[in-house]
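What follows is a pair of complexes built around chain A, which joins chain B in one and chain C in the other.
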Partner chain A sequence: MTRDENKEGIRGMANPGRYGIERVAYWLMRLSGLGLLAYFVAHIYETSNILRGKVGWDELLEMTQTMEGHILLTIVIAMCVFHTVNGIRVMLGHGGVGVGRPARPDYPYKSASQNYRHKIGIYSAILLAAVAMMYGLAVMFGE
Partner chain B sequence: MRESTIMKIHYGTALAAVALVAVHILMRLTQGFAESLEYESVIANYRFVPYAIMLELILVLLSIHGFNGLRVILLEIRQGRTYEKAVSYGCFAAMIGLIAYGSRTIIMTNMGMI
Partner chain C sequence: MAQLVGIANEQASTPLSPSKSITLRISRFNPGHDESRKFMDFAVPYENWTTVLEAILEVKKHLDHSVAVRYSCRQATCGSCGMMINGRPRLACFTKISELDSDVVTVEPMNNFPIIRDLAVKFERLFETHQKIKPYIIREDTELESDEREFLQSPKEVEQYIQFANCIKCGLCNSACPTMATDSSFVGPQALAQAYRYVADSRDKGKDSRLKIIDDSHGIWRCHFAGSCSQVCPKGVDPAMGIQLLRGYLLGFKD
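This part shows the complex of A and B:
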């Protein structure tokens, strides 16, 4: 097999099935980051409507305080919580916390850093994001 | 700037932003959610100087963190001297633009220039 045939490109890198939950976390981290950046830019634009006075602000609220707006905000809450909790896990990992001791690479070449501690961290991030989403729904639709 | 320094800034801005955004969200929950978004309530928030300073800090921290994150993602996809320079300068310019636009809202509302 030549080097080119073996090269799967971005599809190979994107495949979340090959490397377990760590690769899923990698993608969720990037997607939630991009989603949050898009929301942040939109939020800055949205809040600038306050400069249009009470009428402009009320017009904006009419547009955003809807069922769709609340659902979007719920997704933002989930992205925010996942990105935060998983980000703290990544920071700790980069600092050497919870990645195991360095050892000679022997067959079956299990990566010490991909251990149960970090897996628990990823699952916790997903669980907390779901709980925060429920809380957000209760606050926004419970009124 | 060295990438290791940029990553330290990335993590520092993230931790600081988490604390400040938590305060920002809790402020929405001190009143009812819909009540806290009423015009008078939002204006009162902006006119309260410590809160306006906190909003400005959140704006700067999240802009730095967000656009550096975007830069990292774009550099993971493709590499090359010209491309890397274009992405870095593009993200920096977008960050400055967003900070300037957000600051305009905070300053004008805080000073009653509506």
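This part shows the complex of A and C:
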């Protein structure tokens, strides 16, 4: 990417502040996707430790029983729930579901695709992720 | 001589009332000479109806004539004066200073477009992708030879695409798109919305060839429905809707 192209780059792509909740959802979707991919790789490494026998397996499990391990798992729960719920919203949108119908636009223009159904979907995904995270915290730290 | 009179008349025109003023921060950059962008501040008087373009032209007329800006119609029809205004892509002629609710108005060239100089950007790539999707009615017969003399459409059929025919090719949607921010090869929301405009037109028979063009790794599948394109469109085109409906054809939800 050369300077001449004047691309916004990753900083512009990741900036969620300028275009409303839809852009925030886009950003959270990407971030949670990358986070879950990282967790998936770590999870494969974690479960492969069973090859080291019971002692090796127990040693690794102890790592997840720490404060840092619990916080990490709580974030994974939130990412998982948000990515699932918002993913369903996005997939429906990609099929043309809930994006409105073409119509002659009247000023002031309001884009039909950015409608309340999708906004409810985004807020629901955030809310459910928060609830799941709190439940996870209660289970892990409530022992 | 007539030209000189014209210039004299323009200079004698009523100046903007100095009752209120803002600081106009203009991005200055010449790729041929400058290493990086710099901003120049100008105090510009304005009224409730003053647009950002008028403020820039006021700077050009009275303070610094070297500011490079592209404009033409001054009424949101030609799509020439797209730029980043306080961090968001907008048409300068369609944005009033009073609606920005800020004492400092920062204008920069549109993101994701190569800079010619200052606020003027190159549109070659946008026109290239626009042409790529075949922005015209495709069919073998012609209404000039047909017995009916014209291809009739019902109001319902017109409604399927008329919204997307409002596109003025200003490039604001491409500037706001998060995929365009990183992917130089992405066809972009402007071209994709225009692809839908022709696919949805009942007179058009080129659906298959257009879908083939956009069914590409840097085509329609790179759109992640962030919706920023629709939020910045000054003509109510709603490219995000067009793209999702277009994807419906590729996924088999629509015929």
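Just so it is clear, the second predicted complex is superposed on the first by the 124 of 143 C-alpha atoms of A that agree within 3 Å, B and C clash if a C-alpha of one lies under 4 Å from a C-alpha of the other, contacts with A are read in each partner's own complex, and residues count from 1 in each chain.
One rule holds for everything that comes next: a contact is a pair of C-beta atoms (placed from the backbone, for glycine too) under 8 Å apart; a residue touches a chain by one contact, two chains touch by 3 or more.
Every value quoted in this text rests on a predicted model; they were computed, and no experiment measured them.
Participant: If we overlay the two complexes on their shared chain A, which of chain B and chain C does A:I126 touch? Say first, second, both or neither.
Facilitator: In the superposition, A:I126 contacts neither chain B nor chain C.
Participant: Does chain B (first) or chain C (second) touch A:I71, or do both, or does neither?
Facilitator: In the superposition, A:I71 contacts neither chain B nor chain C.
Participant: More residues of chain A are touched by which partner: chain B or chain C?
Facilitator: In the superposed model, C touches more residues of chain A.
Participant: Contact-wise, after the overlay, does A:R23 reach chain B, chain C, both or neither (first, second, both, neither)?
Facilitator: Touch status of A:R23: second partner only.
Participant: Please work out whether A:V41 is in contact with chain B alone, chain C alone, both, or neither, and reply first, second, both or neither.
Facilitator: first
Participant: Taking the superposition on A as described, I'd like to know which of chain B and chain C A:D58 touches: first, second, both or neither.
Facilitator: First partner only.
Participant: Does the superposition put A:V139 against chain B (first), chain C (second), both, or neither?
Facilitator: first
Participant: If we overlay the two complexes on their shared chain A, which of chain B and chain C does A:I10 touch? Say first, second, both or neither.
Facilitator: both
Participant: State which residues of chain A lie in both footprints, the one left by chain B and the one left by chain C.
Facilitator: Touching chain B and chain C on chain A: residues 10, 30, 94.
Participant: Can you list the chain C residues touching chain A in their complex?
Facilitator: Result: residues 31, 87-88, 109-115, 121, 159-164, 166, 176, 178-182, 184, 200, 224-228, 230-238, 240-242, 244-245, 247-248, 251, 253-254 of chain C touch chain A.
Participant: Can you tell me which positions in chain B touch chain A when the two form their complex?
Facilitator: 7, 11, 14-15, 18, 21, 29, 32-34, 37, 39, 42-43, 46, 59, 62-63, 66-67, 69-70, 73, 77, 98, 101-102, 104-105, 108-109, 114
Participant: Which of the residues in chain A come into contact with chain B in the complex?
Facilitator: Against chain B, the touching part of chain A is residues 10, 30, 33-34, 36-37, 40-41, 44-45, 47-48, 50-51, 53-54, 57-58, 61, 65, 80, 84, 87, 91, 94, 139-140, 143.
Participant: Considering only the defined contacts, which chain A positions touch chain C in the complex?
Facilitator: Spelled out, the residues of chain A in touch with chain C are 1, 3-10, 12-13, 18-20, 22-23, 25-26, 29-30, 90, 93-96, 99-100, 102-107, 109-114, 118.
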